[in-house]
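Note that the chains take the letters A, B, C and D in the order they are written out, and that residue 1 is the start of every chain.
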Amino acid sequence: MRNLSKYFVCLLGAFVLLLTSPVAFGDTLKVCASCPYTSVKQAVSLAKAGDVVLVDGGVYQEAGIEITQPIRLIGQNNPVIDGNNSGQIITVSSDNVTVQGFTLQNVATSYTRDDAAIRVRQQNNIRILSNTILKTYYGIYLQYSEGIVIKDNVVKGENVGKTESSLGNAIHIYKTDDVQIIGNEVQGHRDGIYLETVKNSTVERNVSHQNSRYGLHFMFSDGNAYTHNTFRRNGAGVAVMYTTNVRMEHNTFEDNWGAASYGLLLKEINNSVIYNNVFRRNTTGIHMESSSRLDFRHNDFERNGWAIKLMTTCIDDTFRLNNFTGNSFDISTNGNAQHNYFEHNYWDKYTGYDLDKDGIGDVPYRPVSLYAMLVERVPPSVMLMRSFMVDLLDNMERVLPSIIPQNLMDERPLMKKIDHDNNREFVQNLRQTASAPWRER
Amino acid sequence: MLHKNTLYTLSLLFLLIGAAGCSVEPKPVPYGEANCTHCQMTVSDNRYGAELVNDKGKPFYFDAAECLASYVLEHPEISDKAAYLLVTDFTQPSTLIEADKAHFLQSTELPSPMGMFLTAVADEARAKEMQEKYGGRLLTWEGAKQAVRNNEKPE
Amino acid sequence: MSKTYGKLQVLRGVSVELTKGKVISIIGPNGAGKTTMSKCILGMVLPDSGDIKFKGESVLNRHAYRSQIGYMPQIGRYPENMKIRQVIEMVRDIRKNAPIDDELIGLYRLEEMYDKRMGALSGGTKQKVSAALAFLFDPQVLILDEPTAGLDPFAAEILKGKILKEKKKGKLVLITSHVMSEVEEVADEVLCLVDGAIMFYETIADIKNQTQETRLSRAVAKMMNGGTAL
Amino acid sequence: MNKLIKYVLYDIVRNKIIVAYTLFLLLLSIGLFQLGGSADKGLLSLLNLVLLTVPLISIVFATTHFYNSYEFMELLVSQPIRRSRIFMSEYLGVALSLSAAFLVGVGAPVLFFAPSTTGLFLVVTGVLITFVFVALAFLASVITRDKAKGIGIALLLWFYFALIYDGLVLLILYAFSDYPLEQTTLALTALNPVDLGRVMVLLHLDVSAMMGYTGALYKSIFGSLWGIGIALAVMLLWVIVPLLSSKRIFQKRDL
């Protein structure tokens, strides 16, 4: 048994070696000012399957490079390929291609062609690593492909003073499965990361900020995981729609602060988990519509305008062990019907007491205020925010609820803010005493 | 007499403001500042915005003609009485035209914000020109609503 | 001139000419319009109709003429936290360049109390301040509303002396008073108001002659009863 | 004019209520800043209290003062001074001393704990509100000679502006929610100095952006220099209109 595993490790090692060393597979075609090849396009067109095209530092004024063989295009000493706004820079038309270590810049807006710095169409096993992409229409654009790694790239557009229609997305993926988008920084585009009909994929440790529309936008993309990403100061925040079985964990949604902004828009997202995320200083932390069977746990909602806007079309959603602090409105909704569960959350606006000292408040907390509902129905009434009358109405309604949804309440609010990492024991205990069954995933 | 005049002017001013608020007419779509009434996405592409103005003059904004169509289908109680149903002329961004009089090109080459590939054009000749260029089919507003109801997407 | 307060007609067509160098006492039963008349002259109450002329010019909606008038209210109330000194300084400030006659201040020994708060003063002392203020600027016309009402007899004497002294200087002094002995002492003429109208306006000598009474109070009472003795 | 104000001020400054008011505001401000944690939070809590207490104390104090100064004004009226001057001196005396109390009680702590434009707006708003409510107090005072009635009217005015008005607006907004109400709400806000002041400060706090599309609309209106100018002008109208009306009444009435 042991021998067998040793053998396996050896084999794996050899395989890794094969992949990483240029000499092991095919020829190396060098490109630089004084090399056999002075043009990337030339070298790429002559490369055979398994070759490496090694480009040394310098600026190459080229566009329309088409990779038709399974090769690796690698930049050394940060070579720059300047597309001079004359169309797409690199088109990948082969499986098993790696593009690594380049700075790609200047691709002009083209309304009907969707030009990108790197474009992949109907290919498998493509790796796009450690590139810097500047001032392009689209950054990385993939369609109808499979087995993709996009890692450690920086995609930076210039969206200041541009209309949305003249901007493309930084990373745009359409009908592609098994994608890993890891450690990229994207900014200044329309959407930072756009996924449409992308399945079984991972989006991890990316930073998406200052994009005109969304930091992350996905539709019809089931079974994906989004973890440890930061979405900051995007035009409208993050929008995810028409998808089931999503895992969103340890993400930070912050400073999405504007008239029509939200941290996260959930539209028809079902059977998904949202754990350990931070929603900080967003106009609306989460806006939820027609989303069901979602599990929210260990999230922090800090200083948002509305922490959660929970429309009545959402049912069977569970909110547990979340912290709500410093939000102007904790929960807002548009109607009386409510079929969602709130339990064991911490609400800084809770004014109840805990006589039996078990850390759980003895009276329920109603996170929806009358005024929040009024604002939902008649937006101009925000003008009366923080007026004495509004406070009075809210307090009266809390004592004698008649308009706010009766069953939208946290019957067991926590007295102390949850420290998500250090309260394990406490949380274990809560789990045993919970009223609704815990759904484990 | 001074203060009577002041009061008079003031009340007149407020009346005017009130009247301005009540007149039933289309308002420009506030791109980037409003959320679509139907899908909640930000209304931001000024080639595709749409608007419904109800009988009282209150505007509802949409990010695409298909969202307007969905809303109209889902809320007949509002849309039947609506004073205006407006879509944007693709060839003249930010210009609103009446949905009834618009020509809708449904073509895969022109993806609209909410995935129905509906592009509105005011001028019929222009619409035909575009159809020749991009392919797809031309629809009336009724046809577009029908397409949205049945979720007919070109493939 | 005429004046109504709500339904109550206080002055009905009072028309009178008052000339300088005389002390004129305005008398009449309570509510006859005495105080209202003097307030009208001072511009504190605006008549509904009619006019008030001072040296031939209308005083309605004017204020400068008041530099010629000294007024002593029936009950002088002052800002509680102000000191006597400040009150006097303030009025002096207002009437800059006016000649100063501080005889009463001296006679009433007000200087000794200059630093007392108005709120802490007795009614009598306040009256002394009021009197002193009325005479302070050597005005051509003096209007005194029940001047001796709150004063001790000694202070009242001082005031009467002062009134006579000013009369000799050729000033016009109007006094409203109920105390007939006092009127007799200082006044030359009596203006009697009943129900807002002038019943008579005569010199004291004439009144006594007409009624054959030696005491003014009896004479006046007789006049008011239509010339028959009580 | 300034000579007279000087004497009115002499009188008020030594009034114990003004001293108590100053101390009350001072304690409140310091307490809220200490409790609130962040400066913004402190400003917010302060705003709520300022908008409740400043109008109340201003209007009640000014009304009481007006009635208490009746004889003093009588004394002055017998002197060769214009009535309008007496009235304005009284007004400025009361308004300035209340403003001074506010500046010491709230302005100084704000300067110390939260020196920002928002803080400045809060202080400016507080001063303007003081001027507005003293003017309203004087209006209540000249309407009736009866002190109890006058104070009653003043309290009603406060109750109306601080509470009832907002309730009415909420009712209107709710009843007419099918109509475009953005402009109307703006006009309704301008019709209540307390609301106007609150909105002016709120829109300069960070919470403003959270108010969504309408909030952003108002922010763009109030945020521009023009908007601030107009808001301040409307606020001044709230001082001038009741002040001139009451002055007019005062000039024509009997003392």
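Rule of thumb we're sticking to: a contact is a pair of C-beta atoms (placed from the backbone, for glycine too) under 8 Å apart; a residue touches a chain by one contact, two chains touch by 3 or more.
The shown structure was predicted, so the numbers you read here are calculated from the model rather than taken from an experiment.
The largest tally of C-beta contacts between two chains is found for A-D. Here the chain at the heart of the structure, going by C-alpha means, is D. The distance from the centre of subunit C to the centre of subunit D, each centre being the mean of the chain's C-alpha atoms, comes to 42 Å. If you average the CA atoms of subunit B and of subunit C, the two centres end up 82 Å from each other.
Remark: subunit A and subunit D have CA centroids separated by 48 Å (rounded to whole angstrom). Within subunit D, contacts with two or more other chains are made by residues 181-182, 184, 186, 213, 216-217. Of all residues in subunit A, those that touch two or more other chains are 258-261. Contacts between chains, counted with the stated touch criterion, involve the pairs A-B, A-D, B-D, C-D. Residues 3-4, 7-8, 10-12, 14-15, 68-72, 74-83, 252-255 of subunit D touch subunit C in their complex. Within the complex, the subunit D residues that touch subunit B are 176, 178-184, 186-187, 190-191, 213, 216-217, 237, 240-241, 244-245, 248.
Touching subunit D in their complex are the following residues of subunit C: 5, 39, 42-46, 63-67, 69, 71, 73, 75-82, 86, 90-91, 93-95, 133.
Of all residues in subunit A, those touching subunit B in their complex are 112, 163-165, 212-213, 219, 235-236, 239, 241, 258-261, 265, 267, 287, 289. Residue ranges of subunit B in contact with subunit A, taken from their complex: 30-35, 39-47, 93, 109-110, 115, 134.
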